[in-house]
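Got some structures for you, see below.
Paired with chain B in one complex and with chain C in the other, chain A is shared by the two complexes that follow.
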Partner chain A sequence: MTYVDDFPGEARVVRTALAIAFASIGLGGALGVLQALYRTGYDRSLFSAVDYYSILTAHGVLMALVFTTFFIVGLFAWGVTRSLDTGLRDLRFTWGWLGLMTLGTVLAFVSVLGGIVGWIPTHAAVLYTFYAPLEASPTFYLGLALLIVGSWGAGVDYVLALRDWRADNPDERIPLQTFMAVATMLLWFVCTLGVAVEVVVFLLPWSLGLIPRVDPLLTRTLFWYFGHAVVYFWLLPAYFVWYTIFPKLSGGRLFSDPLARVVFVLFLVLSTPVGVHHQYGDPGLSQGLKFVQMTSTYFILLPSLLTAFTVVASMEHGARQRGGEGRFGWLRALPWEKPSFSGIALAGLAFAASGFGGMVNAGLNVNALVHNTMWVPGHFHLTVGTAVALTFMAITYWLLPQLSGKRLRLRTLAAVQPYLWFVGMVFMSNAMHRVGLAGVPRRTSEPQYEQVLFNTPIATMGELHLQTVGGALLLFVSLLCFLAVVVSTWLGDRGAEPIAVSGHIPEALSGPEHSPRILDDFRVWVALTLLLLLIAYGPPLAAMVQNGLFAPGSAPIPA
Partner chain B sequence: MEIHRLEKIWIAVSLVFIVALIASIVYGVAGIGVGTIGDTGQQLDPNGLEDTRFADPGGHWVDDDHYVVNVVARQFLFQPGTQEPIMVPANTTVTFYVTSPDVVHGFDVVGTQLNAMVIPGQETKLTTEFDEPKSYGIICHEYCGAGHQSMAGQLVVVPADEIPKNASAASGNATTTNASASADVANASAQASVATPEVSA
Partner chain C sequence: MTEHASTPSDDADDAESENDVWSRRSFVRYFAPISIAIPVIVETETLVGLLQNDFGEDSTWTQPTGVSVGIGGDLRPDLDTRQKLQNAVLESVGDGRRLRLVVAVRNTVDAPYRLELGAVTTGSGETIEGGYTTDPVAPDESTTFTAEYTLPADASPASIETTVTIGNQPSQKTVQLAPIPTQ
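Entry: the complex of A and B
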């Protein structure tokens, strides 16, 4: 029995969420190519230097907020119901939150579109960080708020399913996939609180004219309270795949279930009190505060380093089960021709590389060398743009047949797609890092200045621009391959062929029975998280609001 | 809880690595004196800069070896910096104060560690010392609106004796030294070596 036969209603929900995610990555990817062509000066005929910022906003929102969030709520809906072997409590509620998320997305996207399309009376060229006092139309903020509130509904749905299961299985350990999904959604509740307060209490009423001023430093601090934890909201679903499905795809099984739980608990606890490392260059925040949050930032390396161990160990175990031998020779025994495997393996490789870049970004003083340069988007195109996005695409090849009952089609195209993505990203991201080191700023439509000569080491600026554009085009071709496979599979006949994948996931080598039960008690971990947050964010926020919530205040300046 | 021997070693190595990273930063801050932007404790009304140090932007000596430059970053120029270069003395402690009357901007002196945000209502303080005469570009690296891509300026380091010591004049010296200094720009930028000013707050 496949998933779609066991849970037809839930499968429909997951398919819908994934379809919206894929529409966003398709659209966002096309916009990304336009940006690469514009910035590097290869083609500036299609739109103006000012329109660039609306396009950049749309690219950021579609990729970082819409694609990720929709894929994640779909993936987790599958993981929770599969691992608990129970449906969601009430699908009307499920469709309700999915509808709310969709409405919010449309509202926010149309608001951004208004910056380019004359007859839409909105503007939102504020980028996906929307720093006040640059102001977007109220519909943009409202759309983002609905997207977030809708995603809270997803979290509630998973927790309700867990509680129903708990009532029937009082003494059992929480299945690993559900444990991970719930831990991630708890992290999401905690961190989105910051951006929800920013949007609902400050920016939305301010853009409607209900309050005259907001404090730019306070609102951006609330944004960054959310802004780094959100990357773990993207990353943990990729880890969910790496821990629970990838070992099986390698031919073996997970190394250690208890350590996987420890890793997710560490992320839940540590991932929010780190946001100030995005504000090292900000005035009005003390160096002491920045130092404290730098320390927690470096400690959050630990769960990622543990994950690196598990992923490689599980791969090696799988390879040896498949007959691989030798110190490194086992690598040849892995199923590199299967895109679900190769995509995740390449995603892991990209993540290892970007981890080192992240250590540079996190350094209190070293950060000044790269802050707000092209290095930073170079970094996150490796993390969220490859480690996360390529994992999501790869697992789609494995998941979609189970969600639809249809065999994957265009399998040759699927087999080359992850490699195309990886090579394209190596070129593009490498070039972005290097022009960033030369000082080229990010978020700028035409980064050429008569006062500044950028000194690029080794390669010329022209060569690096060629790498950027060439990489971007390869990425886009890879994206088209992915979408072709998905659409073609979707249009196929159900039951015409056996789906050729099994959703069975083998037990871990070391099972949950070896780990302390307290790991499964989320109340303890949420309490600890809140305590750390109080220590990390209590004093600076208290200091900022001491002279009033809205002072020093700025009136809106339409973007 | 059972943990594999290799995994225990890996955890230990990871922890040592993390502590070493933090230690390297501590050494940079405490040992070499390279910190980042801090809190000056001073907030201001973005609409009332006329009552602050930013009323008349520009540079002035505070004593024999300390030069202060007040810069206003606004849509879409640095005052001074864009229409006239910021002139600062070499081998002298230089402190920049930067603020914004409108939106969030960036203040990045390309090729140096002077790289900070400029936020309405706050003052950004950067202290440094330039080793030798040289010309630098300044870029606004935070998106600030439709003209963002054009927001840039110039910083020119000249020998200290070329900046008149009329401490009282907060304004004026940047423009009066302009003519003589711009001749040095050509000389300064011809030098290949890169000065690496240190930021401390």
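Entry: the complex of A and C
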């Protein structure tokens, strides 16, 4: 028996969420290639410099918001029901929130499309960060609000499933996958409060003409309250895979369940009170506040470093179980031919590299060198574009047979796909980082100014453009391979072959009994999170609204 | 289906050929090592290039000439007085280009002050004579002047000689110019 047989209704929900996610990444990826061709000057015949911003917005929204969110709610629905061994409470509610998310996505995407297609009376060239002073049509904000509210429904669904399970198992420790899913959704509840207030109280009324103006600093601050934590909303589901499934794919077991729980609690507590590190260039926020949030940001390195240790230790354990020997020789014993393994391993490697770039971004003084340059998209193409996206694609190869009861098809294509993605991203992201060091701006359709010479270290701008486009094309080919495998498997016959994967997750080498039970008491961690948020955001938000909610500007700093 | 204590990996036997074309050995021997070697090579090249850029023989650090000054910048940030490059423009004239530099000075010290703009050096190393010298500027006084040079066609200014005299103490410096807009 496999998951689709045990939970046919839930499997359908998960498949639907994944299908929307894959449609989004396919469309968003195609737009990404067009952007790369345009920015580098290889082809500027397909659309105008103005349309570039609508396409950039669509790319960002589809890849960073839609693909991730739909995949995550699907993955967690699978993980919660599998690990609790119980279905969701009411599938009508489940379909309700999934429908709300889908409606929101369609509204937001059509709004962006209106910027390119003349007969759609909307516009939304506001980029995926969508804060003022850029303004979109009300339908764009409404769509995003529905997407977020729908995802809240997913969180409620998981918490209800946990409560039902808890009633029957009062003395048991929460299964690790459910613990991780609930911790992540609690983080999501906390961080989306900022963007919900930004959209519902400010941007939507502003775009409807109900209020004449908004305070750009306030909306930016509310966005970044959400905007950094959302990175962890993307990343923690990847960690969910790395901690609970990847050790098994390596041939072993998770090294430490308690360490995994500590990591998720640390992310829940520390992820949100650090958003100001995206606003180092903003006037109206004191240097002191920026310095404090910089130090808070560096605290987040701790759970990431704990993860690096635990995941690599689990991987080594698996390799040695498979007969691997020697100081590094065990690496050869790992199943590099299996895309679910290789994709996650390469994603982890990219994440390690991006962590160093993240330290540069987080530094109050060093950030000034790279702020608003191409370095920044280079960084998050490594984090969300590889660590997260490649993990999601890789685990799809393992998950899809269990969700559909069909064996994975086009397996050679699947086996090569993660390598193509990784190498393509190495080329593209490296070039983006390097032109960023030369000061090339981000969010700019034609960054070649006649009288500005970008002093690129090492290669010329032309060579770096070639590297960018070459990387982007490799990524697109990899994406097509992935979609071909998924579609082919989806359309295949059920039962023709054994699915060759099992949903069993072996116990950790060090189980939850080795950790204090307070780790499972989310009330404590949410209370601590809210306290830190009050300290981190109370004073600056109070300063911003002292002249009125909608009045731009704040008191001079220093006074 | 709770957390079972099962065998570590109960997926299909690893020995089973999961791929239609390439063997497991191909991935272990070629795909994985090459994929990991590529970022190592690319990033090593980047790091070495950055270090050479900053500390190598051709490094600009070996010939410290100061920071390039563009429009809005101070020509002599090493001094207490103010000599702001208010505007700079290149215009095509006849078979050459005219460089116009508008400079605003302010004497913030308690001694007579004078600024002299001397020769301009082009990107190809050619020296263009010309310039402008202010009258003595009294303490707390300001003045603005325009200096003009005629450059060969397609030549761009790279640096300019400056002399600031405070009291009887002259201070000379070659100032690097940032790229200047063409009209």
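By our rule, the second predicted complex is superposed on the first by the 552 of 559 C-alpha atoms of A that agree within 3 Å, B and C clash if a C-alpha of one lies under 4 Å from a C-alpha of the other, contacts with A are read in each partner's own complex, and residues count from 1 in each chain.
Here is the rule we go by: contacts are C-beta pairs under 8 Å (C-beta built on N, C-alpha and C of every residue); 3 or more make two chains touch, one makes a residue touch a chain.
Nothing here was measured: the structure is a model prediction, and the numbers come from that model.
Superposition note: with chain A as the common reference, chain B and chain C are in steric clash. In the superposition on chain A, A:D6 contacts chain C only, with no contact to chain B. Look at A:E337: by the touch rule set out above, it reaches chain C but stays clear of chain B. When both complexes are overlaid on chain A, the residue A:A415 reaches chain C alone and has no touch with chain B.
Once the two complexes are overlaid on the shared chain, A:L390 sits clear of chain B and of chain C alike. In the superposition on chain A, A:R443 makes contact with chain B only, while chain C stays out of contact range. Counted by residues of chain A touched, the larger count belongs to B, out of chain B and chain C.
When the shared chain is aligned, no partner comes close enough to touch A:V214: not chain B, not chain C. Residue contacts after overlaying the shared chain place A:V469 against neither chain B nor chain C. Among the candidate segments 96-104, 114-122 or 132-140, the part of chain B whose C-alpha atoms clash with chain C in the superposed model is 132-140.
In the superposition on chain A, the residues of chain A touched by chain B in one structure and by chain C in the other are 450-453. Only residues 6, 82-85, 175-176, 247-253, 318, 321-322, 332, 335-338, 342, 346, 349, 353, 398, 411-412, 415-416, 419, 422-423, 426-427, 430, 433-434, 437, 450-453, 457-459, 498, 500-507 of chain A touch chain C when the two sit together in their complex. Contacts from chain A toward chain B in the complex involve residues 49-50, 53, 125, 127, 131, 133-134, 215-217, 220, 255-256, 258-259, 279-287, 290-291, 294-295, 298-299, 301-302, 305-306, 309, 313, 359, 363-369, 371-373, 439, 441-447, 449-455, 510, 514-516, 547, 551-554, 557, 559. Partner chain A is touched in their complex by these residues of chain B: 1-4, 6-7, 10-11, 14-15, 17-18, 21-22, 24-25, 28-29, 34-40, 43-46, 75, 102-104, 106, 108, 110-111, 113-125, 137-146, 148-149, 152-154, 199, 201.
Every residue of chain C that touches chain A in the complex is listed here, in rising order: 1-12, 14, 16, 18-24, 26-28, 31-32, 35-36, 38-39, 42-43, 45-46, 49-50, 53, 179-182.
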